[in-house]
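What follows is a group of structures, each given as structure tokens.
In what comes next, subunit A is part of two complexes: it sits with subunit B in the first one and with subunit C in the second one.
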Partner chain A sequence: MTMTINDSTYTTETAKTKRRLYMELENCIGCRSCLAACTQCGGHEQRNRNYVYDVNPLVNRQTMPLMCLHCVDPACARSCPAQAIQIHETGAVLSALVEKCIGCQNCTIACPYGIPKFDEEENLMYKCDLCIDRTKDDIPPMCASVCPSNTLQWLTEEEIAEKQNRHDLDNEKWVTSMPYLEGETNVKVNLPGILQGTVKLF
Partner chain B sequence: MEQVTSKQPINGSNKKHQNNINNAFASHYAKSMFIAISGLAILTFIGTRMFTHVDLNLYGYMVGTIVFLGGFFYRFIAWGERPPTKIMIKKGIKLLFRKSTPKTSVDHLATYKFIWNRGIYRWTQHVMIGWGCLLACAVTFPLVFSWMYFTMEENGMYTIVLFGMDLMVVPADGAIAFLSYNALNISAIMVIIGVCMALYRRLKNMQARAEQQLFYDFLPLYLLLFISITGLLLTVINVFLHGKGHYVMSLIHQFSVIVTLIYLPFGKLAHIPFRPLSVFARNYREHYGEKEMKECKVCGTEFVSTEQSNDVINVLGTNNIEFNMNDGFNLAELCLPCRRKYRIARFSGSPTHQVPVKEANQNAKG
Partner chain C sequence: MQRDKFFREIENVTHPNEKLVKTHCSYCGMQCGMNLRVNTITNKIIGVEPRYDWPVTVGKMCPKGVTAYQQTNHDDRILRPLIRDDASLKGTKEGFREASWDEAYDLIAKRFGELQSQYGKDSLSVFSGVSMTNEKCYLTGKFARVALGTRYIDYNGRFCMSSAAGGFLRSFGVDRGSTLPWTDVHETDCLFIAGSNTAECHPTSMFRVWAVQERGGYLIVADPRETPVARRADVHLDLRPGTDLALANGIVHLLIKNGHIDEAFINKHTNGFDETKDLVKDFTPEHTSMITGVAVEKIERAAEIYGKAPNAIVMFARGIEQQHKGVDNVSAYTNMALVTGKIGRPKAGVATFTGQGNGQGGREHGQKSDLLPGYRKIYDKEGAAYVSKVWGIDPEDMPQAGVSAYEMFELMQEKTIRGLYLLCSNPAVSAPNLNFVREALKNLDFMVCGDFYLSESAEYADVILPSVTWSEDEGTVTNLEGRIIKINKAQEPIGESKPDWQMQVELAERLGKGKHFSHLKTAKDVAEEFRLASKGGNADYYGATWDKIDEQDGVFWPCKDAEDKGTPHMFLDKKFYHPDGKAKICALPYRPPAEEPCEDYPLRLTTGRVVYHYLSGNQTRRIQFLNDMCPEPYVEVHPVTAAKYNIEHDENILLFTRRGKANYKVKITEAIREDTVFVPYHFGHDESINLLTIAALDPMSRMPEFKACAAQIEKLKSGKVL
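Right, the complex of A and B next:
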């Protein structure tokens, strides 16, 4: 009984304080600020680790960002023979430890989203680490702190839940890991359609 | 996984024999430990001419080495049991005799070409630390187990004895003798230079500072510095202080070495014994890449060997991760850009991955 009470207080506590990267895909305007910001993160050695894609390039200009979604059970780490991909206590799936990565590229094949990048010259994999030197102290990752259109946000679980209440869409377009992703993720993605045509003021 | 196990009997021609030996031990660990310690004992028996030349001054290192072996096998076996590691080790051993192995080994394990590509400064520090440590180990362990020692049968001439055999007779004030006495001083200076460079980089380089941790990144450097300085102090004490305090300092030095040895398999330094796996990985990619490449199920680009694609699918399967899509492919069968586009397609509903347009501007360069 006491356990349950403790547990529930614990979860409400974390819901208030634990922040996550949250993506509202529809807002993306394709400015690629997130890519530029990524290069400037400490430890990223001037190379970006995220992506922005044209959704239907021959038809319209809609874009969407894509970056590591920080799986709860990450396929990249599971497939790494060297245990080079570590999982931080915040849930972030870190980039390869430089001294351990053996350059087999299993992770690039395993990742269901095609995120890890590989440097042939340096024989080293690198991927989004959710700017761990920032997010471990609850500072938003570089991409979220520069996004001008609120596509990428750094929100507590409570705030995410509030958003869900506000947009009661009843059409499966809410923040979701499943079934649009391959497993539970720490980054929360919200599918296009949430705005339902409302004009958004940035 | 199953594929690998089923291939094992073809591989080991002495399977029956191996099984018999394996049955004698309670575990993998027990077997490795038994073989390693027996090996050490036999080599020492030979090297010391039936235990007649044991340097008891160094027995602390001997005990330290055996404790180190315990930790090392524990760590190494636990690591080797992970499904992806197991595959890489098995296939790597099978492919060990490729033509390119010597070149790859030298590039990866001796000249550290990939570190050169990460920066000349980092390469220099790594060569200093790496080769300093290797040189020190190559001198220390033969001395500890008395595989190598010096005798003076004739005045002024040293006989170097290696594994009980008289290797050569050198003048006591000659160049070879000088290098032998000072090998550990040279290695200590190399390590001190390397560690100081590494520490300077960790203090000044903003990229390194963002992610480094005290106990993971700094502790090994401090330990190496501790070993090198106390080791060098032994020489200083002998040369300048007529050996005053030599006994205490040699105990402090011994302590520093043993602590580092015991720590080695568990921290950052564990990459030293594990690194040869990168040669396996390179052979694995080259060999199976030449054999058959996998074509991306969407765009047809050859992006990885069929073997590796299947291995990854199997390894993920052992972890209950499965990425078979309704569209008729496994995600490990798509090239990376197509896999990313496929995800965008899943998000948006429009088939991005089937639009034959190259991904635009992914490098943030305007």
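Right, the complex of A and C next:
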């Protein structure tokens, strides 16, 4: 079971103009400014929580950011036996609560995108919290604020709908993967603990 | 003003006990807006917050910009003057001891005095840079001519913007790096980008570049490598390094042949079309293809797109400029805009991506060997007389023009120049043919270096003067648009460090020239004198007061007086700056690179930047995030070429030219021509690629040919990857 937390500063008014992180992967130039910016968010303790990959390094310069997708029903939170990963009412899936995280690292292998990482010294999981200090007030997260190529953008539902319409050519041809960006995929992923219920042979 | 579709009102986050200081980045010509976060208890800079309300970059920053603040309170800062008594240790980090400012100044005044009385005024030299404010650049020029009285001053812009300057002066009669504001870029219909690795060198231009394609516009990129911007180009003109002039002539040939020229514009507003038409006649697509190695169809497609585009912007950078025909390349690509009349109106024009933060302003106001403030030529009697009056000197005492940056090292080697005051530059990494340049530095009788870190060049100094970072002083900078902007002070100088302008005032006093300098007590005082000195010149800053810069989000020069709001778009009246008001279309015969590949050196070596480092790397290699991302140089090799040499990815190889050699790790990539290898130039000592580059200078700009020389690879027995 996952928990949603409430924040008094987050009002219905904010919800109306709600913006989301939106990605256009082809724009990525591999500058990794999003990583540098991530370390600048208060509470991130100078450590980036997003990643950029060279797609085919020996061939071309295509890169892509790997960001937390803030799943609607996040595997990281569901896999947590201590309910340390909470979901903010904006939808942001937060980093583990220090007082609750037991350091089991279930979340680090539950997430199909490899977003949660583990800090051995602190015995604590850390992940993108969508700069909740900023995004709760509709201020863009640091990564999208600085992204020089507009790979990462902070857009309203309306602006995203416009983008989607633009890419809908109504010609039965595949155009973009737009409708699936929110992580409601057709792949089913099992959570850690697949040996539970297995009876040892001897 | 100039707020566009990317602009959005966003409130900044401020944390308890923190204030934000609005300023701009310390690095490239984009001069991205940023807020420095300052702790109000310790009064120290502790971080960065986006500056969403800066109209050019709307909060965006590259990784260098995000981490720029980490320079200020860095452990490597030099906190007190350093003196080295044992000259045999030159070229190493060893032997420096801390000294007081008094002792340092006294020593400099004594040694400079001895050299000048024994060998004449011109035995001293100043080598400066343009990663500093207009005020500092201006005063450095005055310091050389008035306090030292030497003709020998030049600067690192010679390795950066000099060819663009020369080309624009010849084509337009004026050198403003961009004929239009950056807020026009995404609204044009075609971007023709030549020799610019935009995504790595000016990353915050990229959201505008991609937006052109999003609107249905076209992107054409000319580059020997498939850089991140070339990757998505509609046409990638993958030319051999050093063959731009042929490509530009080939495109102009097709623009004429396809009837894409604007005859009315050519007749009314230009000279030189007929000669040019005659010259480019030979540059058929086939001939152009033979020289450049670019497929005929690509050349034809590029010319067709540029020709048909209602509006287009031709943009270029060091790729075309750092050649021994860099000036010709600039004028040749500018010809495209002039024959089609795609200039002198919004959304159409020509622009160069200025490399250094103040590459534009710093080249206009007297650091160049033959220039005085306001872009006046030093041999222009009237201009020199005006500047002399502002400086309070007899025009007879104004020194003559000196020589260019690289040529100063030649004069050091032959002992014509015996003393050097180096500031804001690191030529022991950034100059070409480094074995020679490093010997020349070692050969000096006395060298002073102003820097905030102990750079590779500072290792040759007898005295090091601790300067401040950009965030500990204020002043103006002119960005790549030609927009004068304000750098604000966020923190007091750490240790005993001082701004360079203050050192120059105090040193001038020691040299007995106080009456020309002592009135300059603040950066603002320098700014006021500088505006006056520029008044009436082509680059007229007189009306660009600090207040106006704040009110208007910057001021585009020329800005002549209090009423003048500045000039975002150049040539809207179709008046160019040549005496007859016309632009010049230039007929430019093709010349190959100074050093063509041969049997012994069959590869073409080209150099450039990576996104994580700036210039010589003296600043960025010290920033942990940036250094983690790119800790060492490498050589990019095409897999076909790698197979010929039997070398693998990550294998260590020897790369050499007629001038030098270095070991590099191989980076295999298909994103480069088979005949070309690439090495980034940000690294010092044995890792510097400039040990290998050639000092073939452009006859007009004296720009060295960093971008093309002949090289060879040798497989090392010990180089194999395990």
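Note that the second predicted complex is superposed on the first by the 153 of 202 C-alpha atoms of A that agree within 3 Å, B and C clash if a C-alpha of one lies under 4 Å from a C-alpha of the other, contacts with A are read in each partner's own complex, and residues count from 1 in each chain.
The criterion applied here is as follows: contacts are C-beta pairs under 8 Å (C-beta built on N, C-alpha and C of every residue); 3 or more make two chains touch, one makes a residue touch a chain.
This one's a predicted model, so the numbers in the text were calculated from it and none came from an experiment.
Within the superposed three-chain model, A:Q164 lies out of touch with both subunit B and subunit C [touch as defined at top]. Of the two partner chains, neither subunit B nor subunit C is touched by A:T156.
In the superposition on chain A, A:Q62 makes contact with both subunit B and subunit C. In the overlay built on the shared chain, the residue A:T90 is in contact with neither subunit B nor subunit C. Comparing subunit C and subunit B on the residues of subunit A they touch gives the larger count to B.
Of the two partner chains, subunit B is the only one that A:D54 touches; subunit C does not reach it. By the touch criterion defined above, A:K100 lies against subunit B but remains apart from subunit C after alignment on the C-alpha atoms of chain A. Shared contact residues of subunit A, touching subunit B in one structure and subunit C in the other: 32, 35-36, 39, 42, 57-59, 62, 133. Across the complex, subunit C meets subunit A through its residues 10-13, 15, 47-50, 52, 59-63, 65-67, 199-200, 203-207, 210-211, 226-229, 231-232, 611-612, 625, 629, 639, 649, 668-671.
Residues 25, 32, 35-36, 38-39, 41-45, 48, 51-59, 62, 64, 66, 73, 75, 78-83, 98-100, 102-106, 108-115, 121-124, 129, 132-133, 180, 182-183, 189, 191-192 of subunit A are the ones that touch subunit B when the two sit in their complex. The touching residues of subunit A, when paired with subunit C in their complex, are 26-27, 29-33, 35-37, 39-40, 42, 57-63, 133-134, 137, 139-140, 142, 145-150. Residues 79, 82, 84-85, 87-89, 108, 114-115, 117-118, 206-211, 268, 271, 274-275, 277-278, 280-282, 284-285, 304, 308-309, 311-312, 315-316, 319, 321, 323, 331-332, 334-341, 343-344, 346-350, 352, 355, 357, 359-364 of subunit B touch subunit A in their complex.
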